[in-house]
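Listed below are the structures to be examined.
Across the two complexes that follow, chain A remains constant while its partner is chain B and subsequently chain C.
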Partner chain A sequence: MSIRATEARGSSEAWPLADRIGLRLAWAAGILLCAVVAAIVLYVLVRGLAELRPSLLFERPLDTPDQSHGGGFLDPLAGTVLVTMIGTVIAVPLGVAAAVWVTEYGRPPGLARAVESAIEVIAGTPSIVLALFGLFFFSQGIFGFLSFTSEGGGVFGRSFLIAGAMLSLIALPLVFGATREALNAVPAHVREASYALGKTRAATIRRILLPASRPGIATGTALGMGRIAGDTAIIVILLGLLRFDGAGAGVPVLDTLRGTGSTLTSYTYANSPAGEGGAEAKAWAAAFVLLVLVVALNWLVDWIGRRWKAPAWTR
Partner chain B sequence: MDAAAPAASPAAPGRPRITGIGDWSDRRAELVLGALACLLLLLIGLMLATVFAKGWPSFRENGLAWFGSGGDVDQQLLDIFNSPANPDAYVYHLRAWPLIYGTALTTFGAVAVGLTFALFAAIFIVEFAPDRLRRVLEPVVRLLAAVPSVIYGLIGILVLAPFVDGLVSTERKESVAFVVQLSGANISVATLILTVMITPIMIAIIVDALRAVPRAWTEGAAALGVNRWRVMWTISVRAARPAIVAAVVLATARALGEAIMLSMVSGSRGFAPNPLDGLTFFFEPVRPLAATIVDNAEGLQVAPFGQTIYAFACVLLVSSIFLSVGGWLAKQPLRRYGIRP
Partner chain C sequence: MEGTRMDSLTPPPPGSLAPPPPVRKIVVGAEPTRVAPPPPGDGSHATAPSPAPFTGPVRRARPSAAQRVERMGLEGVTIAYAGKPAVREVSMPVRNGEVLALIGPSGCGKTSLLRSLNRLTELTPGAARTGRILLDGRDVDALEVTALRRRVSMVFQQPNPFPMSVFDNVAYALREQGGNRPGREALRPLVAEALRRSGLLAEVADDLGRPALSLSGGQQQRLCIARALAARPEVLLLDEPCSALDPKSTATIEELILKLRDEVAIVIVTHNMQQAFRIADHVGFMYLGELVEYGAADRVFGAPREQRTREYVSGAFG
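Right after this comes the complex of A and B.
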């Protein structure tokens, strides 16, 4: 801050009254911010650490809605990881493809603009609306292979695959935005050099532009994973609250993917006074584990930003 | 698309043809990527069509009165849920005003308080904070922006609500007991937690924008003898207006769509708080639209009830689309001056 150096310390006494009030307000806001941040983080850490037992991490939830008599959150923990993986696997290729197409091809321009607006609309859509749409969409007969199908041919419309697919829409705008920013940051002369060497547009994208924008894509992906891991509304509607419940077809992995389950967010919700679990201690412990996950993902974003620079020839 | 098929790359004669994803022809790459992008477009179109089509019967039966007030909305929802199985006898009567009003109150309350606070906090972080504090604050603010809303809800329902419940005197509870039950989960707790939830996003965006203001502008102002506060307030904040608009739009979208957290701390009662009630107003329960959807998700199988729920989703979706359009329009005049958000 260079302005800082131009003024002697403590000279604000000479400022007009309005400016001094503004300065005091800024300080007050800053101090209040510190207080709120410290209160929230410390409270969750203290309560979570006090309630967390190692056994909670390795025990499955009880088979009843009431969780106050035992059980841990092995299922929800695995569910968070699973759902985040499914969501990321869908969101990253789609987001990167859309961003590459919009920035590098974008023909016709009207269509490219429409795709950009559509992704903006997805970013603004409440996740609860996405959940309702997913429930209806995937309850259609042709998507029966993604979830349970009842005797009468009704499709259940709730499963890991479906929840992951809808959650990918939450991460998609972040991946798209980060990729587009990274592609725009590659100077035009790099592209021109590639074309001058006889590379096609497609080869330039594959060999030059994607490697150059890898840090951006990674940052967007990590941010998206954080959003997926933290979403509750879609999980509550499309997945469930407590135990994994396989689809019963007898195929181990597919059974789980087609079945319902839970994540740490929905487990926390179920065990809060708003749900039926009635185990506040476990809700705090699960919230703590969730917070640790989010902090780790956040740290990953920072780490990528600091360590993983784009290749030197892009500058 | 079959990637293993011989790529139609314009290989020079005599050069060995290399296949694989790296050597897709331009034409094919453009088609595949464009198709994926248009798939998203299709999905959005499908989503709009689905939500509108599913919610339409509720609007059709009620007309514009759907948005009006009248009667107890929770009782109306119960009647819809219990409507007879005969499609001709479906009950649709609904006056959704308390829910819409609740959404508006919590959202605008949180955004108004949050924006004021975020603006000053961002100025503090960029210009006035000691270096050591700044280095801690910035990552922590970004972390707070990423904290899952259910954690905020947990803090609200287990810490704040019991505390606020203690503030409401028994006399106050009894004085309105025949209208509505007062408890710790109420409009002020909901708005407060919502504010805490959306403010970090706004701070993060505004801080980035204040940083991006060209150094020459602020230094020029400082060289003219303008003090540090006024440089921030008249130069940086004004130059950052598009980003502030973007921050407000993003924060409003999050506040509007927040479902789980609000259903935990808002009291979950379809009630329209009346500002004329004086202090009691701040302790009255509400239930925004998104929270209503979560609370009633079990009833989706009942046809008229499901259609009503989709009508709520429809209102939310339209609001969020208007919000994006509004944000885009607000940024247009500023773009002419070459200010990029």
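Right after this comes the complex of A and C.
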């Protein structure tokens, strides 16, 4: 004879009316959310797949604001990858270092609290505000090496390096928060076990705490990359809409980094009916590619969470 | 073993050789086990066999103190947290070749005292310590702290292997000593030796590269002991090392402690009086931060001088 699985049996018939209504509303909220997400994803999928052609991925945008006569989004695709890399390379060491300092040293306590508050403020600041400040800040003369400079010594203040630096601020709170959580999850006796073997605080951080926090750091990094790839305000203000335009000093990589360009977000904006590109089909295709990239990053986060288990100690 | 508790007994008069407290029966491999003699004058406690001398696998204190050398000395040690004293004016020796057990109720300061021996108390914010602690005649405050902790190592209540392989856990204390980093091959015999001393080698020898956190709880704790032994410390501090383990793992670790006491001075903090009775050579009973009584385990359990000790070892409180 087979054993029947135990199931919760019963009904809400005996519940008060208010509870029954509440249950239905909660159920409806869940369904509504699913419907909204399905609508967005399906519509982008259908429109994007309908408009996407392989040539779009390999052709550069036209050198005019109007994109309706040809051109693809090779530059924006490369730009998304490039700013994500720059932002991540800046945000991860900064975020991890700040989190290590706050959790493992944190003296004086007032300074540690100030650091945490500062990061919360960054997390809450709209990216358009960061962008505007970045444009002002990096137009100062001493930052001339980061972007175009005009003949008269004026600094342009827009480039991949500058956009990447400001975008790193968007990823920083996610990296910081995930690292701090992971460090706090390591019980005190594990640190003490390392000290009790004659290890210094620095050796303990390097050999025990950072390896134990790796799943958390990786998750925060992937989330931060998703945020950078999806940001538009900083890109529009600090980078551009269409083609890469290297700062012509003749040094291949550095020219690109100091020059302007675009990402899939700004390209989508430029070609949407709200922009001047006049090629809505390409906006949908670019939006589809962007969505695939960001969803892939979210899958990566899930995968990291399942694959790299944080060590399980008893408190 | 509720039936053998001595709660209802009046304590014996001081000086007379009272029987030891009842002992939880443990089984180590195929060795015979012995249950402690029943308390006299109470025929209802019929679960235990007749009294026996302190020998055999259960009670194994050292018969003589001949080969014991004083390793550490505590002189008037007082420890306070945020101005509140947790340990008051404790003085006692820690000797090579014996097990010193610190017993007492929760919050009596025994763990604080243990942690002060390798200066781990310094890591607690607001902690302060006075009095002298000597290691081989030198004040521990004058030693470089990482050097001190290599010589006075510690194992904790919860098994806490590091998230790396079994090999790397044991090699952890051996690496990064000074500028020249010893290679894996150079470390291999030292790691094997430490695992052998902790009785874990046979169980893990086939795969030293496995993650340490995949071992069982008892194995993890023995790995922590191996890790603490790797740098050849002179003193091994054990902070309730069995309290998170099942009885069988506890018995294995007690066996191990008895083997190790020849090579290294052992100080163990334990809540478990039966455990202290089984493995300790000397016992320090602490209560409310004071060292109430210190002496040979036989005497402290058999003929405590202080009323509080007598009540505690007979299970009247704690």
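Everything that follows uses one rule, which is that the second predicted complex is superposed on the first by the 300 of 315 C-alpha atoms of A that agree within 3 Å, B and C clash if a C-alpha of one lies under 4 Å from a C-alpha of the other, contacts with A are read in each partner's own complex, and residues count from 1 in each chain.
Here is the rule we go by: a contact is a pair of C-beta atoms (placed from the backbone, for glycine too) under 8 Å apart; a residue touches a chain by one contact, two chains touch by 3 or more.
Keep in mind the model is a prediction, meaning the values are calculated, not measured.
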item	value
Touching partner for A:Ala229 - first (chain B), second (chain C), both, neither	first
Chain B versus chain C as contact partner of A:Asp66, first or second or both or neither	neither
Touching partner for A:Glu276 - first (chain B), second (chain C), both, neither	neither
Partner chain(s) touched by A:Pro187 [first = chain B, second = chain C, both, neither]	second
Partner chain(s) touched by A:Arg207 [first = chain B, second = chain C, both, neither]	both
Chain A residues touched - chain C or chain B, whichever exceeds	B
Which of chain B and chain C A:Leu135 touches, first, second, both or neither	first
Footprint overlap on chain A, comparing chain B with chain C	200, 203, 207
Sites on chain A touched by chain B in the complex	1-4, 6-7, 11-12, 15, 19-20, 22-23, 25-30, 32-34, 36-37, 40-41, 43-44, 93-94, 97-98, 100-102, 105, 107, 111-112, 114-115, 117-130, 132-133, 135-137, 169, 172, 200-203, 205-207, 223, 226-227, 229-233, 236-237, 265, 268-269, 272-274, 280, 283-284, 287, 290-291, 294-295, 297-298, 302
In the complex, chain B residues that touch chain A	9-10, 21-26, 28-30, 32-34, 36-41, 43-44, 46-47, 50-51, 54, 117, 120-121, 123-125, 127-129, 133, 137, 139-144, 146-151, 153-155, 157-159, 196, 203, 215, 218-219, 222-223, 227-231, 233, 249, 253, 256-261, 263-264, 268, 290, 293-294, 297, 300, 309-310, 313, 316-317, 320-321, 323-324, 328
For the chain A and chain C complex, residues of the former touching the latter	187, 189-190, 192-200, 203, 207-208, 211-212, 311-315
Chain C residues touching chain A - in the complex, by the definition given at the top	118, 120, 123, 146-150, 153-154, 156-160, 162-164, 172-173, 176, 213, 224, 227-228, 231, 237, 244
